[in-house]
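Have a look at the structure that comes next, please.
Residue numbering begins at 1 within each chain, and the chains themselves are lettered A, B, C and D in the order written.
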């Protein structure tokens, strides 16, 4: 028997961080389709993120991406967020868009480029200090396109050295989240291509170095929930970058491509006590062709639904069936939770928190979509290049 | 016993078309790294392509991409090419970079957008008329990102209708080459995702509709040489877009990632008489981090080497071993050809054609690299956006 | 607004064929784990299949596999089935387990082996005549393991010749269903590896040659519902072999690995009128570690649930959103149906048909599991080898 | 300039271990095709392995698989090997073929099954003591087929406990090699699915626990040479199970599917000093349709050829090009070595060692193939089941 009150309580305290860059324009190498009303600066991005929190109640922080979100006064940005009921979350570095980074950043053969990249990472820690952010998230585009192009092990040495420098600069309550990715933009080797590599580096760095699992960054067939379980067992799961993929790093809305997988991931998280832990739940998505704010709202709701189903799993019954080796019964317990329509439950949770039961409708009714189109005229729409 | 004179003759007549866009800047969604000396207009692209032909002797045509290669006077462009010993090859359409194409082009739900797209395709045929091109190559980015976004079958109907219109416009000696691609930029459905779909459309269109095999456009594990063999058996192989991939549509240099695969493909081509047929051999690559012209020269050489090895296969011995069901002997015959170092043979072929035996060295010695960097100052470097 | 009565009517008339071999022992190359109570002959397999139909009401036929289901008197087997409320469905051939087939069957380089294989296929048609089966399902393990081992095109010629012979032998109401599979047991080329190849052969054979989609037979990332839609548009979808896979041809219970994919497939089927067509819905699964009959019951229920959800899609609303290019709204319409818990509806449908609302519970209550363990003692348990 | 004498010296000292089971019958779940002349006991397997060493000169040890190679007197088996110029190599455990292992072995929910499995592993160490083997190779088929079937983390705990028990039993000069595999025979989770999981367990066990890389055990697109480089940097590469795959764990001859990949792997090995280290080079293959001994000879030769090419890489030139960031030049240095036909060099090496220059011809001339067919009559041919 599931304790519904406990389920609701857990759902009410869930927090899903949204990424500032998802509010701006994005696309593929073939085309970035511009959308009207897109923010033109970090303050407007924060305002959009506030709208997502306002309607869902579970998106209380927004991640920054430096330099895209560089501002003169980070304290002012943090206050702006606070005024809107939000806080600044993870700070994400960018060591892939400067011309110097053609052959890598912290793994570049040239020490001068590496120094520049480390300098940027240290700047990100400064920004964390200024914004009160807990987490520095590092994703490196570093890698090679051709066999022989560079020395794989030498690049690992350079990487280790850079990470150690940055880790040493972290304040006491701050963490380093190291993200891995199979490929893109590098097409032969990637310097942090899998969780094993990220894990090995974190081990050498210290307790506050953790691995980030981006759900779109794996080879076909990879069992992501297994990785989640193993990393939690090792105490090294830093957080998630949620999104969906059918093929590669498609960056579609979380829960859109394989909602059952998202449920299985949340099942491992819940089972290991991850909901009430320091694991960070973040979105990292691109809304290339669909309206951005509603897509983010929908993604947050998808994470909520997966979480609700995971919370509804009858764990004692599951444990009994597992212990008995009853394959079908154990699977059925899990599937019963997944088959449940949790939308009514989530509507209740929202209403009990004083929210509109349907965030999508609430957003539509808010008039925000029309307002930003009308007001955000002129200036340069935010995108991956600024 | 292989007839070396025949092998050399075949190698001398090989033709690999290079794509105008590979001479311009390219990159990933994360960054386009600009290179110095990149062409600023189609005339300069053709000049670079001429350099590749000059050094390799087997790259006599250059493919255009419209609108990136739009010029006021196509006859002038064709003359410019001819003056440099080149001809204009395939015309490639682009129905993915206009804002109207956010949800597709010829498959778009809105008839007005479809009309616009068809208009562009017809313009491409006009350009073929003006340049004397034989082939219209169609690749559609059309597709959807989310389940339910559009009706799969309805989109097929729209596609069929558009193709029929364009096919009807072709002149007698002109062909339509239909390219398929598993994914990107669409991430749920792609309207022409596999050779079967392209083939089905070609069948309904007529004899001069053919399928193009881009070696980077398949799901992991797909046996490309099998598709080549089947399409040749059906008389529907229009040509190749050669490039390399380790992961997705990485667009690396042909032969760089899996030279054995390229050899197996050429083995099927040679075995079915494809070298002396109307099959088009084209490159379609991006040189994101490496020097562009030398990378294209190297790619052409890689295709030559694969072809030379395929020509060296002792086919009577192979047929005997196959007929006898001798798995190891048959495989050994093929591997013997592959293990052969064909670089000396190709050096001979080049010297007998009056070329420098080493195209890379010849290019380096030509001074072209320095000249274009010095001369191509100002203006807008060519790229995927222009 | 969905017409619930129509949905229920459609669900009541659904038919999912179960495969005789799924009731026998199966495993991997590493181990076949025997289960107690497994049938020892085709009559016992049919009895088990009858149990699945008895509890679910939608599994009225059972597929045979020859020679595993060879009996002296097929008419007697058909009568036995009829007595149990069942009919004999598709006849499946086996051209992979005789020592002669080491290098292939209908594609073998040796004409004598090909003749033997064709002889077996013709025997299958004889059995269809005797059992009243409509469909001959052909899956060929033919292929090669090593490059060069055999001639790809020559094998296609042999395949075409064999298919034509068998097709010519079919009676008027009989069909040939040609199955494709990416790989296994062949590991380099497979002679019918994809839907395109199967489709091309069917086109040359005639109207009653159709393609079978086994949901486990594709490369990673393949969009199966797209193939379904295209084949239905071409009038060439013969039927399904349902099962689940996380990696390769895992043959898990249908709906177990990706229930959302099964729903999307059924959405395409329903949208194209496939429920009330001659498309065959079959299971093709292996229950290596779980109890077989309950696993098949569960699989049938999973297909029912996916179908119910597909029937609940608000198609007018979907069409409106699609026509308007409203990506999020269109996706939401589809997801609303998927999020629905259809188990109550299916319980109603069963009760209205006089069945127990829960087939799993009904089976447990029937005592069949205990009875077969007690009674099926001695003899040789059925498996893939007999 | 490469030092040819050093290259030859390195090639002469290379050692590739062959697996006893590759000499016996094998197949897929669909069929095991029996071959004449196959060994009927471990002594005959060792005799075949001796033949491979006799002809190649670089296969001085043979791996055992327990219980397939259980004998009454292991010292006698070791003496038999020594008499034939061979030694007993790695001992491989088998915890997947007993009926008790349906739901796993060391990860099984039932402690009694886990005890049994650990008992078997300890028996393997006893055999190592008796045969003088250095390495215990552990591959676990453990995993689950269905979501919910068992608790992922609990299984990790059980695994860790079992490994610790066995590691504690190892003698001073003995090592534990832990193998990972993406999937098969488990189809949802595998308890050691990737190098990261194997690495994490090895770290906790101690210095003599190492990871084994089987080249067929990865997800599509995985860069294996990167893993090799990282494991060597961490001092945790135990060895290789070489074989080839186009799709999954196809177990084809090493070097048959992607010879360039094998070269890239050996390039990393050579670069990190792995040739003259304690890294074990083993084959793990199945010769389902081809003659077994010649296939193993060919595989050994393929490893030799890849090694020779890797030794020929002009490393100073490579390092210079890498340091200069010259992508094309660095790639060209690597490709020059790969393009070299090393067969003449290897013929020389063999002749200088008093061997026939062509091992395949030497084997054919030896008459062994005919002799074993004639002599090995009666008895039970060895296979995966015995």
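Everything below uses one rule, namely that contacts are C-beta pairs under 8 Å (C-beta built on N, C-alpha and C of every residue); 3 or more make two chains touch, one makes a residue touch a chain.
Keep in mind that what you see is a predicted model, and the values were worked out from it rather than measured.
Chains that touch both chain C and chain D are the following: A, B. Over half of the residue numbers at the chain A-chain D interface are used by both copies of the sequence. Distance between chain centres (mean CA atoms), chain A to chain B: 38 Å. Rounded to whole angstrom, the centroid-to-centroid distance between chain B and chain D, based on C-alpha atoms, equals 40 Å. For chain A, the set of residues that touch two or more other chains comprises 103, 145-147, 182-183, 188, 220-221, 223, 246-247, 256, 260, 289-290, 327-328, 331-332. Taken together, the touching pairs cover every possible pairing of the chains. Against chain A, the residues of chain C that register as touching in their complex are 220-221, 223, 246-247, 256, 258-260, 289-291, 294-295, 298, 305, 327-328, 331-332, 338-341, 343, 360.
Those residues of chain D that touch chain C in the complex are listed here as 26-31, 33-34, 96-97, 99, 101-103, 141, 145-147, 182-185, 187-188, 220, 245-248, 250, 252-253, 256-257, 288-290, 384.
If you check the complex, the residues on chain D that touch chain A are 103, 109-110, 144-154, 156-157, 182-183, 188-190, 193-197, 199-200, 203, 218-223, 225-227, 229-230, 232-234, 260, 264, 267-268, 271-272, 318-319, 321-325, 327-328, 330-335.
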